[in-house]
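Input: a single structure, listed below in structure tokens.
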Amino acid sequence: MSPALSVVTGGISLKGPVMAASGTFGYGTEVPLLDRAALGGMVSKGVTLRPRQGAPPSRIVETPSGMINAIGLQNPGVDAVIADYAPKWAAWDFPVLVNVNGETVDEYAEVARRLDGVPGVAGIELNISCPNVEAGGMWFGNDPASAAAVTQAVRRASKLPLWVKLTPNVTDIAAIARAVESVGADAISAVNTFTGMSIDLHTGQPRLANRSGGLSGPAIRPAALYLAYQAVRAVAIPVIGIGGISTAEDALEFLYAGCSAVQVGTATFVNPRAIANIHQGLIAHLSHKGVVTLAELSRIT
Amino acid sequence: MHELAAALVGRREVAEDMWVLSFVAGPIGAEARPGQFVNLGLPAGPLLRRPFSVYRVEGEVVEVVLKAVGVGTRMLLDLLPGQAVSCLGPLGRPFALSAEAGPVALVSGGLGVAPMIMAAREAKRLGLPVTWFHGARSAQHLSREWEGDQVVWATDDGSRGLTGSILNAVPDGLGQVLACGPNPMLKAVAAKWPLAQVALETYMGCGTGVCLGCAVPLVAGGFDRACTEGPIYRAADVDWDRLPGHLSYAE
Amino acid sequence: MSPALSVVTGGISLKGPVMAASGTFGYGTEVPLLDRAALGGMVSKGVTLRPRQGAPPSRIVETPSGMINAIGLQNPGVDAVIADYAPKWAAWDFPVLVNVNGETVDEYAEVARRLDGVPGVAGIELNISCPNVEAGGMWFGNDPASAAAVTQAVRRASKLPLWVKLTPNVTDIAAIARAVESVGADAISAVNTFTGMSIDLHTGQPRLANRSGGLSGPAIRPAALYLAYQAVRAVAIPVIGIGGISTAEDALEFLYAGCSAVQVGTATFVNPRAIANIHQGLIAHLSHKGVVTLAELSRIT
Amino acid sequence: MHELAAALVGRREVAEDMWVLSFVAGPIGAEARPGQFVNLGLPAGPLLRRPFSVYRVEGEVVEVVLKAVGVGTRMLLDLLPGQAVSCLGPLGRPFALSAEAGPVALVSGGLGVAPMIMAAREAKRLGLPVTWFHGARSAQHLSREWEGDQVVWATDDGSRGLTGSILNAVPDGLGQVLACGPNPMLKAVAAKWPLAQVALETYMGCGTGVCLGCAVPLVAGGFDRACTEGPIYRAADVDWDRLPGHLSYAE
């Protein structure tokens, strides 16, 4: 019997455990080379209440086994996303979560409210790695109280499955995970990018117009895996592992650490077929281990 | 769009330190239009792919032209015949040439020759007269390869052809101006020929439209994607002052 | 005139801005291939009050552009270090700082007390990325109060120049930097390793006997640079940049970010001559810029 | 100790998938003693160097033997003649052979042949009789190359030589036993011949003694460094139960 990889997690029926990460798959209308049968689900590019032009260039810089991005949440706004993309998503056979962003608790809640009940929107992934303009620009995700506040507001604004995506740039990710769990998050996505910087020696200035940005890619995998594992140990809700996953072996590290599914980001830029390759590799690994579902995989003790 | 392992089958120097690499990539060559690019991935190289204009297509062979400017280009030039890269393409929107829009001027600075052979062939196919205006620092940096009806050279130091910017060599009244070179040169093109089509350079993450890393600032406001809406732009549409100039064509 | 790279910083006269980082250069008695004229100074392997055997193997695992280590502070104890190595250091022409570790505030202070006045010991680098056994194993470096407490105790126990080495695994490195500055740190070393993990798919268990360890190498450079820069902006005392530096260009990014000197760790494993190459590269860069001291280099604004 | 760019000059297969690579590294070869190793750095390869026993030295040429077990070994086997690696060595402490200690048994499992040619030559130089006992899974995995007075083979499947563990083929009463192979095999060696000298494998960071990453647990307590105090140990000195067995010699 060939392995069955579909998984129900955080209130969402994923076709498989390998999802496309936010900001690395657009709205799912590109990446033509990927065999979509392999896609467990996807998370949209980050969406805000109003359209945003995003940051000026340069927006990305390559680093050893990684890249830093500062896209600045370029997006057409939640209403345009609902009008232009959700109808397409409704026809697809894998679930689409919308990555929700905001500058205030109310803005987050309003985006969630508008997404509620929209056909094609399977759930919300709350990106709390955003500056809280009402709290001097500190990120929502930087402390348990503000993380819980925004999670709770969104929870109340929408009945959609709610995943909360944690930032790795914190002292105690377990505390944040518990805080968002306690106010009703259905799952945790761990993790977002590490803040990084790069300086151009010709200009003597940061390479990114935004000065700093988010480090992603294989470089961060060991640190992301550790943090995802901390989240797994801290909460009872499922944890979706994210960070530097490029191969089936990488994905398996997160699954062995107790994650219920994984998201793949930067690897798609390197190889548009990465997600399908990872999916195939997982099937091969399960067959090799002689198990037919992910749940049978042993976990680290 | 295709992604395939493309083996190196040839290499030739067309100006000092400027090399044409030939890869076997039939399906990509068959679809490639002038101004489009391929995104090359090196198996043991840097993480991200590197974008290169399609320089020439001969049967199954797709060519790119480059100089060593960093780790990726150095590794490409170190490839031995038979070794393969991952070739993704063709990508981006091509030049739009019209049989009705009159004579064509191809304007290239340095490595800006990259998309011009393809453009010259397309223009000739449409029955258009083609003059190629090519500038470089000095004689040895001028590419030996050109196509079209005639070529006009200029060098900064006057060591061959006209002296000074190649832009001064382009007469007024040409129907279709296509330009490629360092972003500052393209900015000057925009000032002279707002309707010129320019091939731009930006950093790229994916090359396929999903990362939004290749933002091109538009005069109309906002940004679009060099890899998808570009890399060919109407010169007047680009907000040149907000486009970084420190990329590799700039020496 | 050729550039003069010596620099007085944090109370110590460095022969040049490129130092060897703690734990990557032993006690300075190995690394035979390195031209020591290039060495600005060095920091010893981490030292504790009593000898420590260290962690069982496996202690290291390679990762994309990086490595994770869990050496477990193997060292012969401060008395043996004073007896066996300090006399050698006293004869060397570059300064040696001792990297001081402990499980309690008192233990840190006692190590510092014993080092005070020992010929050959130029200063202390306080490693606060250690579990505080009196506070449930939370790291000293994880919050401003405990970081300040241990710094203050060491400050009182010794008159040696005191550098405090910060952990990157925190939400607000600026607050920790300010806290240790306020109790008398002479300089800040930024940063130590990022916590990371790797799982062996054959055994289904973490590869490191210690389960998790510290991620170092080029992979962390962009994140380390960002954090070093945050420290630079937060304090008036000098900041020593550390993290993934392998080339002169890497070192220059930290110097442009306002660091006064840099430390090189993992790169020495890859290339025993790395420090000398970086030193030469800095000289070449200064000559190219037409400046003769580091202080004349412009800083990012 | 030297660090130099060593060009590949030859490659031969000595058993199925087991290759000897020859590099030009004169100064390292001149100093290398049996049991010592070199740490090879690949220019565009993984971050850390990879340790390999010195297999043979012929004039300026230093040889290593390996199988593809991961990214580093795969890249080494993909090297083309003329391409260079960074070679650091010789490293570690060699086998200690004594002209007075009697006949020598070389005991190798699979890739454990790696340090044995050097050891055989040294033993013969000292005028000692040398028997090489070599085991592998099956006939095609036995190395074709051996030195010394005679060789005794054993295979797990009996397809060549004796059947079963090579350890059973080694008679009692041999003066000096030198062994190399998977750590579990070496543990068995330790049980039979506590005074045997074994060549160990651990993960290594630096190879030069500064990282403490290559910890070998000792019966006497504590750890020392495989790269510096090792990789050769008296079998009885190693606390085998605390030494990870999941390294590459183990298939």
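Letters A, B, C and D mark the chains in the order given here, with residues in each chain numbered from 1 onward.
In the analysis below, contacts are C-beta pairs under 8 Å (C-beta built on N, C-alpha and C of every residue); 3 or more make two chains touch, one makes a residue touch a chain.
Quick caveat: nothing in here was measured; it's all calculated off a predicted structure.
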item: Intercentroid distance (Cα basis), chain C paired with chain A, Å; value: 33
item: Inter-chain centre distance, chain B versus chain C - centres from mean C-alpha coordinates, in Å; value: 46
item: Distance between the centres, which are taken as Cα means, of chain B and chain A, whole angstrom; value: 35
item: Residue list for chain A, restricted to those that touch at least two other chains; value: 64-66, 217-218
item: Residues of chain D engaged with two or more neighbouring chains; value: none
item: Arrangement of touching chains [line / ring / star / complete / other]; value: ring
item: All chain pairs that touch each other; value: A-B, A-C, B-D, C-D
item: Chain C-facing residues of chain A, complex; value: 63-66, 68, 142-143, 169-172, 194-199, 201, 204-206, 212, 215, 217-223, 225-226, 229, 244, 249, 252-253, 256-257, 285, 298-301
item: Chain D contact footprint on chain C (complex, rising order); value: 23-26, 30-33, 45, 53-62, 64-67, 69, 71, 74, 200, 202-203, 209, 217-218, 266, 268-273
item: Residue ranges of chain B touching chain A (in the complex, touch as defined); value: 1-3, 41, 46-49, 86, 88, 202-217, 221-223, 228, 242-244, 246
item: Partner chain D, residues of chain B touching it in the complex; value: 44-45, 75, 80
